[in-house]
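Pasting a structure below so you can have a look.
As written, the chains take the letters A, B, C and D, and residue 1 is the first residue of each chain.
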C-alpha cells in the first residue's frame, strides 16, 4: 500500500505567563497539525491565542491538548479521576481552545490527551465511555490522536462506537518496547537525527519500526507522527521527518484533509 | 409604555470543588436567565456542567460570567489588566462555558462580567475595544448584560458598534446613589422583601427607582433585573420580583425571546 | 492501665476565600488540638491566621495539616509524587502554618497529613524516608498524628528512627474493617452520637473498638481521637467524645502536655 | 565616607515546575544575597529547596521575596489588597521560605517585596502598619531591602518604628528619573556593562547616580545594589558590579555581616 498523505504533529503552546517553553516558531514550518495546551497543565489564554494565530499563519491544523489541572507537575503526575471529572476536563479545555480557534477564523481539527491524562485514559477503562462521550459532544466532529496501537484500548473503542475517527500515531523520537509500548519513563528523547531518519525510512519501506531490543514493531495503522517540541533539537527532528516523508512522495497534511 | 417581557437573572454556579456557595436549586424556579461562573473566580468544570443542566431543566437562559483569575479573592479584587488580557479572559471562559452549554443541547444566550472585572471594564476605557471584539468573536451572537445606565460606558458603546445587544439591568437588592450609580461597597444587600417589592412596584409604575437619599433614579432602559444569589434569602427576593412582575401582567423571559 | 490524658483533634481551617467549610467556632470548645489546612488543598493565609487565633483563644494545640496541591479535589485525589516532592510539600506547608502560629505567640505542636496525601504516605514506602526527614527538619520537635495501627507503616518507622513521637489516633465516627483498617470509601461518617458514645465507652473499658462486622479491633496504642469537622453534627460528636472521656476521669489534653 | 562593605542582591528561584527562568547558577558567584520567590508569583517548593541549597553552597544570604498570588501575571499586575491580606501574604510566603532555609541549616536574612506588591506597598500607606507588623512577627529579625530613597515611605517608617533595619538599594541596570524614582515601565534593563560600570564608578566616587536626563540622583544611603537575574546578561552585569566594588576596596557582603 502506498501512503499518500501523512501528518506531523507536535505539542505546542506550552509556555505559561512569563515562562517560555519550546520554540514554537522554529518547529512550525515542518508540521501539519498542532496539539495546543489549554491552561490546565500548561498554556494560558494569551499563549493559546498566539499559538492559534501561528497555526493559521502556517496552515497547521489546530487541536486541543487537554491535561490534568496540575501546572506544578506539568500534567505528568497521575491524578486519580472519576469518569465525570475526566469528561468535564476534556469539555472545559477543548471548549476554551475551540473558542480561540473560531475567534481567529479557524476550527478545531482534533483532540489529543496530554501526558499522565493520556496514560490514565489508556489504563483505566472505567473512564472510557464518559470521556468518549465528552469528545463527541464538545468536539464538533474533531478527530482524536492516539499512539499506535489503538486496538484494545477501551477509550478508542468507545470513540469509534460514536463515529469518531481515531488517528494512530507513531513516535520517531521515543523508544519502543518489543510489544509496541512507548518507553516514556525516563522521558529520554531519541533526538539523534540519524536514528529518527532510520526509523522513518523503515516505516516508509515496510510499515514497521525498530524496538529498543532490535525487534520489529508493526505500525501499519499509523497516519500521523508526533515530534516532541520540548526536545533540544525539535525543529531538526521535525525537519528530518518531513524531508523523509516528502522524499518518499508522501504529502504532509493533517488527517482527513482532501 | 407597557413592558411586555422582563428578565430576572442571577449569578449561579459559584460553588468550587468541595465548597458550596449559594442555593442554586432554590432560586432557579424564579429566574429567566443565569450568569454561570467559569472557573476563574468561582465554578469548576463539574459545577459548570451541573449548573447548565439545571438551567436547561428550568428553561433558564445560559450566560457566561467571566471574572478575574483570582479564586482566592472571588474575583472581587481589581487586577490591572492589559486590553488583550481582558479579551483573552472573556474568550477563554466563555468558550469553556459555551462548550458545556452546547454539549448538553443548549446554547449560550448572554455574557455578563463578574465583580471587579465588571468594574474594570466600566472604568478603563482602554479595554473597551479589545473586550468588545472578544465578545463578538467568541459569543456567537450572545447579548451582554450591563447595569443601567449603560450610556457613556465605552465598553457598551463598542459592543453596540459591533451590533451586539446590550441589555440594561436594574438591581432591586442593591442601593443606588442619587446619580444612579450602584452602591456596592460595602456589599450590603437590601434583602428586605418589602424594600424589594417597593422598588419593583415603583419601577413598574413609572420606570424609576428610589436612591439611598430618597431621590429618583431613572431606569427606563432596563430590560432585566439581577438578584444576588449569595444573599441570605435569595430565593425569596427572586420570588418577590417575579410575583410583582407577573402581577403587573409582565411575562418573565430572557431578553430576545419571541 | 488507666488513661490519664487523651487528645481530641479535628481538621480545621478548611474554608477558602469566599467559601466557608465547617463550623470551627462550634467544635473548638471540645478539642485539645487542631489540624489546620495550609493552603494546598484548603485554607488560605487569612483563614490560617484566623484559625490559629481561634486555637490560641481556646488553648487548643496547633498542628499543620499538609495536603496535595489540589484545591479542586480538596486533596482527596491521589497524585503520584516523587519522594522529594512529598518532602517539599510538607516543608512548605508546615513552614507557612508555623509562621502564623509563631507570629501570634503560639507554637507548632504537631503535623498530620491530609486525605490522599496521608493515604500515599501509608501505601508508598518509597516516600517514607524523605518525608520523615522533612518532618524532622521543619517541625521543630513537632509530633506526628497517625491513625492506629501505626506499626508496620514505613513512614512511622522512619519518624521514630529520628526520635519523632508518633501519636496513634482512633476515629470514633468512621467505620473499621475487621483488620483495623479505616473504612473511608465511601466517606460515610457514623455521626450517630449513640454509636460514637458506644465506641468511646468500649475503648475506655478495654482499649478496643467494634469493627463493621461486629468483631473486635484493638486500639490500645491510641492517645488521640479525631472528629470530622465537616460532619453535619461535628460539635455534637466532639462533645460526646469529651463528655465520655471526662466522665471516665480522663483529662482532655494534647499529647506531650504535662 | 569610605564604604567598607556593600551588598549585591538578585531575584532568584523564579523557575516554576517544568519552566526555567533565569540562570541562577551563573549569577550566584557574584552575589552576596538572594531574594527567593516563594510560590505565589514564581518558585515552587522544589525550586525553593534547590535555590536555598545553592545559596548555602555559595555563602549567599537568603531572603524571602513575597509577591502577589498571581503566577499568570508573574506578580507584576497590581491587585488591590486590604491591609490584612498584604500582611498575611508576607507571613505565609516568608514562613514557607524560612522553613526551607532552616531545614537546610541556614537562616532567613532579609525580606524584599516583589514587583507589583512592592509598588503597592510603596504607594498605599494604608497597608504600611499591618505589613510592617507582619515582617516583625514572621521575620525573626530579618532586614528589609528597599530601593533608595526610603525616606517618606510609610512602610519603611513603620518598619523602622519597630526596630527593623531597612537596607536602601540602588539599581545599576535600571534607569532613574531626575527625582530619583526608578523607571520600571517599560521594564527595559540597561544591561550595557559600560553603563553599569559607569554608574557604579560614579556611585563609588561621590555617592550619586546619573538620571535619564543626565542630572544627578543622590544615593548616599544605599547599602546594597540589585541586579536583575532575568536580564540577558545577568551574570556579566553582576560580575561588573562586583569587580567595580572590589577594585575600590569594598568588601562584597550582606548587610549586617560582621
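Going forward, contacts are C-beta pairs under 8 Å (C-beta built on N, C-alpha and C of every residue); 3 or more make two chains touch, one makes a residue touch a chain.
All figures in this text were calculated on a predicted structure; none of them were measured in a lab.
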item	value
Chain copies touching (chain A, chain D) - same or different residues, decided at half shared	same
Inter-copy rotation, chain C to chain D, in degrees (Cα atoms; steps of 5)	180
Intercentroid distance (Cα basis), chain D paired with chain C, Å	39
Inter-chain centre distance, chain A versus chain C - centres from mean C-alpha coordinates, in Å	43
Numbers and ranges of chain B residues touching at least 2 other chains	72-73
Chain A to chain C touching residues, read off their complex	69-70, 72-73, 77-81, 116
Contact footprint of chain C on chain B as seen in their complex	15-21, 42, 44, 71-74, 76
Contact set on chain D toward chain C in their complex	39, 45-46, 48-49, 84-85, 88-89, 91-100, 102-104, 134, 137-138
